[in-house]
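The structure is given below, and queries will be raised subsequently.
We just call them A, B and C in the order they show up, numbering each chain from 1.
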Amino acid sequence: MKAAIVAIAPLVALTGLALLSPQWLVFMAMLALAKGVVVLGLLVLMRTGLVSFGQGLYFGIGAYAAALLSHHLHVADAAVMLLAGAAAAGLIAALLGLLLARYRDIFFAMLSLAFSMILYGVLVKSAALGSTDGFNLHARTFFGVALASGVERRVFLIAGAVCAVVVALLVHRLLGGHWGRLATGVRDNELRVAYLGASPYRVVYVNYLIAGAMAGLGGALAALAVGHVDPEMTYWTTSGEFVFIAILGGTQSILAPFVAASIFEALRTIASQYAPNVWQMSLGLAMLAIIMFLPAGLWTLAERRRRSV
Amino acid sequence: MSSILPIAFDGITYASWLFLISAGLTLIYGVMRILNVAHGSLYALGAYAACSLAGAWLGGGLPAAGSFAMLLLAALLVGSVAGPLIERGLLQWMYGKDEVVLVLITYALFLIMEDVIKLVWGVDSLLLPDPYALPGNFQLGGLTYPVYNVLLIALALATGLALAWALYRTRQGKLLLAVIHDRDMSMAMGINVSRVYLATFAVGATLAALGGAFTAPTIAVTPGIGVEVIVLAFAVVVIGGLGSLGGAALGALLVGLVRSATVRYWPEAELFSIYAVMAMVLIARPKGLFAAQEARKI
Amino acid sequence: MSAVLTAKGLQKSFGAVKAAVDINLTFDPGTVVSLIGANGAGKTTFLNMVTGYLRPDSGQILFGERDIVGLKPRQITKLGISRSFQIPQLFNSLSVRENLLVAESIAAMDDPQAAADETLTRFELAPYAAQKAGLLPEGIRKLLDVSMALSSRSKLLLLDEPTSGVSADEKFAIMDVVMGAARAAGVTVIFVEHDMDIVARFAGRVVAFYDGGIIADGSPDTVLRAENVRRYVIGEEIPHAAA
């Protein structure tokens, strides 16, 4: 209940942002939101102790599913696209998860990377999907209501904010209860979990599925924000970005991914303007600093302040 | 039938290239338990250094054949300067951390090195065509192939044999195997593990740079060339079994042949095929072909 | 009464090491049996085979009437065999109470919170409830490990060295708590133990392992006095009878 009230504040803030701010800011906020959802999914997975270097796979599937609906099936409704993105990614995750849930540590990380690279390899070579250039999508209605051109993005941002808040609350509930403890149990000691009569495989599988569907939702959101999809969305550097944001935010709070994603997008926007050639370097240095000094991510800063008050 | 020879030759060429890069990656993992994402950047560094050195050599009007020596020199330079710099400056403070955290640390390093390369060499492509063209061409199965590819194969073979000899026939190599087998025991026996790590990383970096230096003449050297290489090398190493030199060789050969066959009959599926092989191997043998699949004692 | 557990002709080797050589054992319900034997005698291997962690090379393991060879630890736990470990297997980043909550929730208790609190009291763990399992002293870790095993409401409880790594004066206290809880739960207990005083005090029957085989089986009095047990298990110097 408390979490629900806390969640209303960012929702109101984002709605205000959507209505009042310039287009570029709306665009940036939407991308941050999209990535925040993906990273929150990654946190669900990380609760079991696994890090995926291949969430770009589901990010891309979500984005392409939405774009294909628009481009090839002439579905123009954004709500349908978002659902389709999450569903398509969830479906593939349900399949691949059967295999991946058997792996741990770097084998899991690398195998998930390999699967994302398979999709990348397919996408860059399929002329029908625009190869390396990708293709455009355009959503004209939202739940059947026609959108005047120019306001679409503002509506999508509000929709995205609602999606994100709902998903975040669900994750909060899930991880705060028995399932969250069980997942931590799997991370700490699978042997004990099995010897209590539960299946670590199943826990990993379900969390993998959730993470995949959330990445798909994020991908569809990003596709709506940009109005374009391309194979880069599935490339391993995109997946690396998600991991980076997760590390930046830490795993302490469901808000962390969104805060971290916003910081990330803001910095990227600034860097691409003023220092495109040292952007990656700054990311790398920041990442090293976080790993060494703030092992729980930026959230440790907030926690420290709270404790010292 | 007539296509078998070209497929095999292409496959082996590609495998040689893959092996040069993967050998260093698997060696570093085997000894240090670090899956080094920055390996791709060391490869790129080798390529850039080769362009600079061989470019200067040729630009100075010196005999063209000497440019091969420059390629080798570039690799050795990268290995003996950048390797120790990274190991002493960063990695030595990180030992003992979780393997996944170490992946993140080297990922950060990779990001940093990508930009360092841009700052030093700029963002425009560099070309170094001479060493590639110099040895000429030969005919095989009705197709024309550069002799340079044969040199590449020979280089990979020589490197592989030298590594195997160094590992299994020299005192230092046996120390290394001891460390791979049981780190705590070797420390207790007085092996200087810190020195072993430094040496291993330098050798691994040299191998990556060697791959880059000898690739430079065949491509346009641009920012980002290391990005694709690293995931390919991961695939090879994981197929063979992390930490296994023989595994890297077999993995490289497997990937090389599958890729060249795919390129021939179904070019769209090139990348797909490589990672599909990896996925299939891991399904059959979860830790790769040559890794021990052991159960924990409880 | 029919046996809880029956092992027939179990064999297991690791390369050249024979860890189980034709093990035949029957355990009656409600009994407390101790397995003794020197390091490497095959005691843990026996527990590992019974719980499905290792598959015997040959032989049968019957739980009640049912052959359980080939089942996974998770399935065997669900059937009603639980265990503790030589090295306690805990969730180190969770608190003691959360460890129990995970266990009780998996066991599908209607009210895991209440069940966890009850276990905390029974095992005298309440003072540690909020501490992280990773930071506990060894004796408390052992107790927590056993308490988690018991929370699956099993019929058969296997304890692998419940008192190892614990100071001599704590051993009896720990065993009193453990055995009290086991008795209250009405489970059959098989425990591996190196301390012969503990064995003599708590076991109703003793099985002695040597080199993967069984060299003695019977009441504590007879087994602990047997010459081969004193020589091979307890490690006493026994002068050979003059030829």
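Observations, loosely collected:
Throughout what follows, a contact is a pair of C-beta atoms (placed from the backbone, for glycine too) under 8 Å apart; a residue touches a chain by one contact, two chains touch by 3 or more.
Predicted model, so just to flag it, every value in this text is computed and none were measured.
With chains as nodes and touching pairs as edges, the resulting graph is complete, every pair of chains being joined.
By count of C-beta pairs in contact, A-B exceeds the other of the chain pairs A-C and A-B.
With centres defined as mean CA coordinates, chain C is found 50 Å away from chain B.
Note: centroid distance chain A to chain C, computed from Cα atoms, is 46 Å.
Centre to centre, using the average C-alpha position, chain A and chain B are separated by 32 Å. Residues of chain A found to touch two or more other chains are 191. Chain contacts: chain B has residues 298 touching two or more partner chains. Residue positions of chain C touching 2 or more other chains, listed in rising order: 89. Those residues of chain C whose C-beta lies close enough to touch chain B in the complex are 44, 48, 53-54, 85-87, 89.
Chain A contributes residues 51, 53, 99, 102-103, 105-107, 109-111, 113-115, 117-118, 120-122, 124-126, 191, 236-237, 240, 243-244, 247, 277-281, 283-285, 287-288, 291 to its touches with chain B in the complex.
Within the complex, the chain C residues that touch chain A are 51, 72-74, 77-78, 82-83, 89-94, 98, 101-103, 105-107, 112, 148-149, 151-152.
Across the interface of their complex, chain C is touched by residues 295, 298 of chain B. By the touch rule above, chain B contacts chain A in their complex via residues 35, 90, 99-101, 103-105, 107-112, 114-116, 118-119, 123, 227, 231, 234-235, 238, 242, 267-272, 274-276, 278-279, 282-283, 286-287, 296, 298.
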